[in-house]
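By written order: A, B, C and D. Residues from 1 in each chain.
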Amino acid sequence: MLLASLRAQVLHANREIARRGLAPHTFGNASGIDRSGTEPLVVIKPSGVDYATMTVEDLVVTNLAGTVVEGNLRPSSDLDTHTLLYREFPQIGGIVHTHSEFATSWAQAGRPIPCLGTTHADYFHGPVPVTAPLTAEEVEKAYVRNTGAVIVRRFHMEGLDPIAVPGVLVAGHAPFTWGKTAAEAVEHADVLEYIARMAFRSVLLGAPEAGIPAYVSEHHYQRKHGPQATYGQS
Amino acid sequence: MLLASLRAQVLHANREIARRGLAPHTFGNASGIDRSGTEPLVVIKPSGVDYATMTVEDLVVTNLAGTVVEGNLRPSSDLDTHTLLYREFPQIGGIVHTHSEFATSWAQAGRPIPCLGTTHADYFHGPVPVTAPLTAEEVEKAYVRNTGAVIVRRFHMEGLDPIAVPGVLVAGHAPFTWGKTAAEAVEHADVLEYIARMAFRSVLLGAPEAGIPAYVSEHHYQRKHGPQATYGQS
Amino acid sequence: MLLASLRAQVLHANREIARRGLAPHTFGNASGIDRSGTEPLVVIKPSGVDYATMTVEDLVVTNLAGTVVEGNLRPSSDLDTHTLLYREFPQIGGIVHTHSEFATSWAQAGRPIPCLGTTHADYFHGPVPVTAPLTAEEVEKAYVRNTGAVIVRRFHMEGLDPIAVPGVLVAGHAPFTWGKTAAEAVEHADVLEYIARMAFRSVLLGAPEAGIPAYVSEHHYQRKHGPQATYGQS
Amino acid sequence: MLLASLRAQVLHANREIARRGLAPHTFGNASGIDRSGTEPLVVIKPSGVDYATMTVEDLVVTNLAGTVVEGNLRPSSDLDTHTLLYREFPQIGGIVHTHSEFATSWAQAGRPIPCLGTTHADYFHGPVPVTAPLTAEEVEKAYVRNTGAVIVRRFHMEGLDPIAVPGVLVAGHAPFTWGKTAAEAVEHADVLEYIARMAFRSVLLGAPEAGIPAYVSEHHYQRKHGPQATYGQS
């Protein structure tokens, strides 16, 4: 069996999104990538399988073109979004897709989540962006791949760094998050839901759309992620 | 005892709506129908009995006219709604009625739930419709049966397919959902509550009332339910 | 020890309001009355005692004037509200006071909860009323007793029957509910919280303030409580 | 090991804020102070350590200048806020910082929480204040210490007593609460979250911004905290 360690991580990530309530009704999937070999390999959740009974053997291994390399089950129907993101964002090692309740509510409203506080600033450098809606042609031709394409386009248009902004809302759909590992992608999915919950309430209470001043968000982000990080025991 | 297998399914469905928090205070009921015999038979929850202690023997069997065929307890006070839906929607095999929190909030507001995202589109083909209010005469003459009648009238008026739109909000009351089986009706009740929660937040955040473009909702619905479904392991 | 059976019921009611999440931080109390003797006796929660460790011996017995007849602990600081309600509403046998989250939110907004659906109509005949604010003089002279007095005044002014409307919101404070027994008062506190949650969402979604037509609410109320009740197995 | 008893209290307080759901993702910390010696000593959570595995040995002891006196781990990155509050508010013995969901939503909106009911009045004497935003210079020079400074400035400007108003919202950030002990600070963090939840709903329902009359809030506060307190068994 290929990639035993990565399979274990991806299985854990899939179970975690269920356990944390981010993906009721199997509305979600996690994947990871191993870029160490000559051909990068992706491990992803199979389609429509229950989190509780899923095993490492059920996971599907594909290459970056989406061709199954190992596994008897059909891969997640969102595979082409994952592979496109791995191709375009070479810094990332894990991806999580959920329909978590509040992040999805923002995605459905087609609004980016403004950076309204330091909880947000500790994890996302600036607003959580929202994609443009897919066109009829994009849906018809290659819906899943083009879901990845509208994400990448948004990041390119705004000059965003996927490590500093580890997630996105797909308009009318739901969030994708990522990180250096599948575990980090889960953590970002969970924090995204938390800041989406708080931003919802803050906005209804009249929070300024512009959010906190850039000098505060910059300070918080650098304190946690910059070269002189002062948070934690590293 | 008639219909042992269907009784087990209906008991499970009734317990599930309680376990999933969709029917606090015994505000709910589930039924199933066996159409295989010469006379179709309905199995339904008894009225006002606690989910925790209910047994298969407590369930009530009636015919499509609502006459009790087997059982010592009084059937759910909503029986006439169930039987009318079974008569009018011959494709369905199970019905669930709940007062789940957010779906009921929409029903009380008298508003259909717009299709704001793909979570919705995967299960409901278009908005979740809301009935007209019952007239005084309808309430007085046959309240419960007419609750079914306003549902059917809404579906006929809008030319809706009960398999593609597996649920409805009764204005000023609460949701009914259905499916090919009682288990599927439960699943639809649960998903309906989930999309009602998200639509509530999206609407407060300014989501466009028109919802997502038809080409997206159509694509999602067909991907899951169409002849070339690509979701799951079937 | 006086009133062993009533003590057990009142202990259970106090534990239930904690267990159901209606009274975090000991923000709540339940009492019951025995009207069978020559002098009616009230059993009530002691002040500031933890629900988890409370015993039947900790409960306090008073007469309708609020004089302690049995018990070593100080009675709930809300005692005078309870005794006044028992004096003025001779039909009731139990009272519950909570600061449950959504009912209290309505009380703080000073708004009655309109009857927006049948869940409400099954338990409360018409809107859940809200009292007038207490005047400075009422607060200064006898705050707790006057909390009862503003409740009773609201019921008299609107000609309300405390059995048909088994609860009230005290403006700027929180709900009181009651019933024929302490257990029924708990049930009404729980349902009140549920309808307060739904009404909050319905109102934000634009529900008509007038609520459902009287012919619907009347039908539902009579179906459950009227002489020809069709609900349950009675 | 210094301060064994205070360490146990502070460990318990840190675990409690996690257990009560006030500090997901280690977004929080608690400290306590021993003012009995010649030099007051602060016990505080280490930075970025998981609540579940934290031991009394992991806690860090510092003096009021923030110099570590005992401990191998780096103290919470919020240490300088804690020490400044202990220096400026000599009445307090414990401090808790959380990012609890609703209190943080108010902080992000930059709005004080008005006193809308007696639940609030029982714990906070008047509105829960919100600080001014930090200036760019304050962030750059000494962000964490200046977070304490804007809190103290708000209390001085409004003439607030930190015992009567045991908490604050830092604009664009999150709440700090305190009390005579670390346990009391936890209780205030928990109650603050509860009143923030209710005030959010009340405000959306149109609660008057001015809140309840001063004669009611004064009465409630004195009933619980004044010299003739009538609440509890003291």
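Quick notes
Here, a contact is a pair of C-beta atoms (placed from the backbone, for glycine too) under 8 Å apart; a residue touches a chain by one contact, two chains touch by 3 or more.
Please read all numbers here as calculations on a predicted model, not as lab measurements.
For the pair subunit B and subunit C, there is no chain touching both partners.
Of all residue numbers that take part in the contact between subunit A and subunit B, under half occur on both sides, making this a different-residue interface.
With centres defined as mean CA coordinates, subunit B is found 34 Å away from subunit A. Subunit A and subunit C have centres, each the mean of its CA atoms, that are 48 Å apart.
Chain contacts: subunit B has residues 204 touching two or more partner chains.
Residues 116-119, 187, 190-191, 194, 197-199, 201-202, 204-208, 212-213, 215-216, 219, 223, 230-233 of subunit C are the ones touching subunit B in the complex. Interface residues of subunit A facing subunit B in the complex, by the touch rule stated above, are 24-25, 27, 46-49, 73-74, 77, 99, 101-102, 104-111, 133-134, 136, 139-140, 143, 172-174, 200, 203-204.
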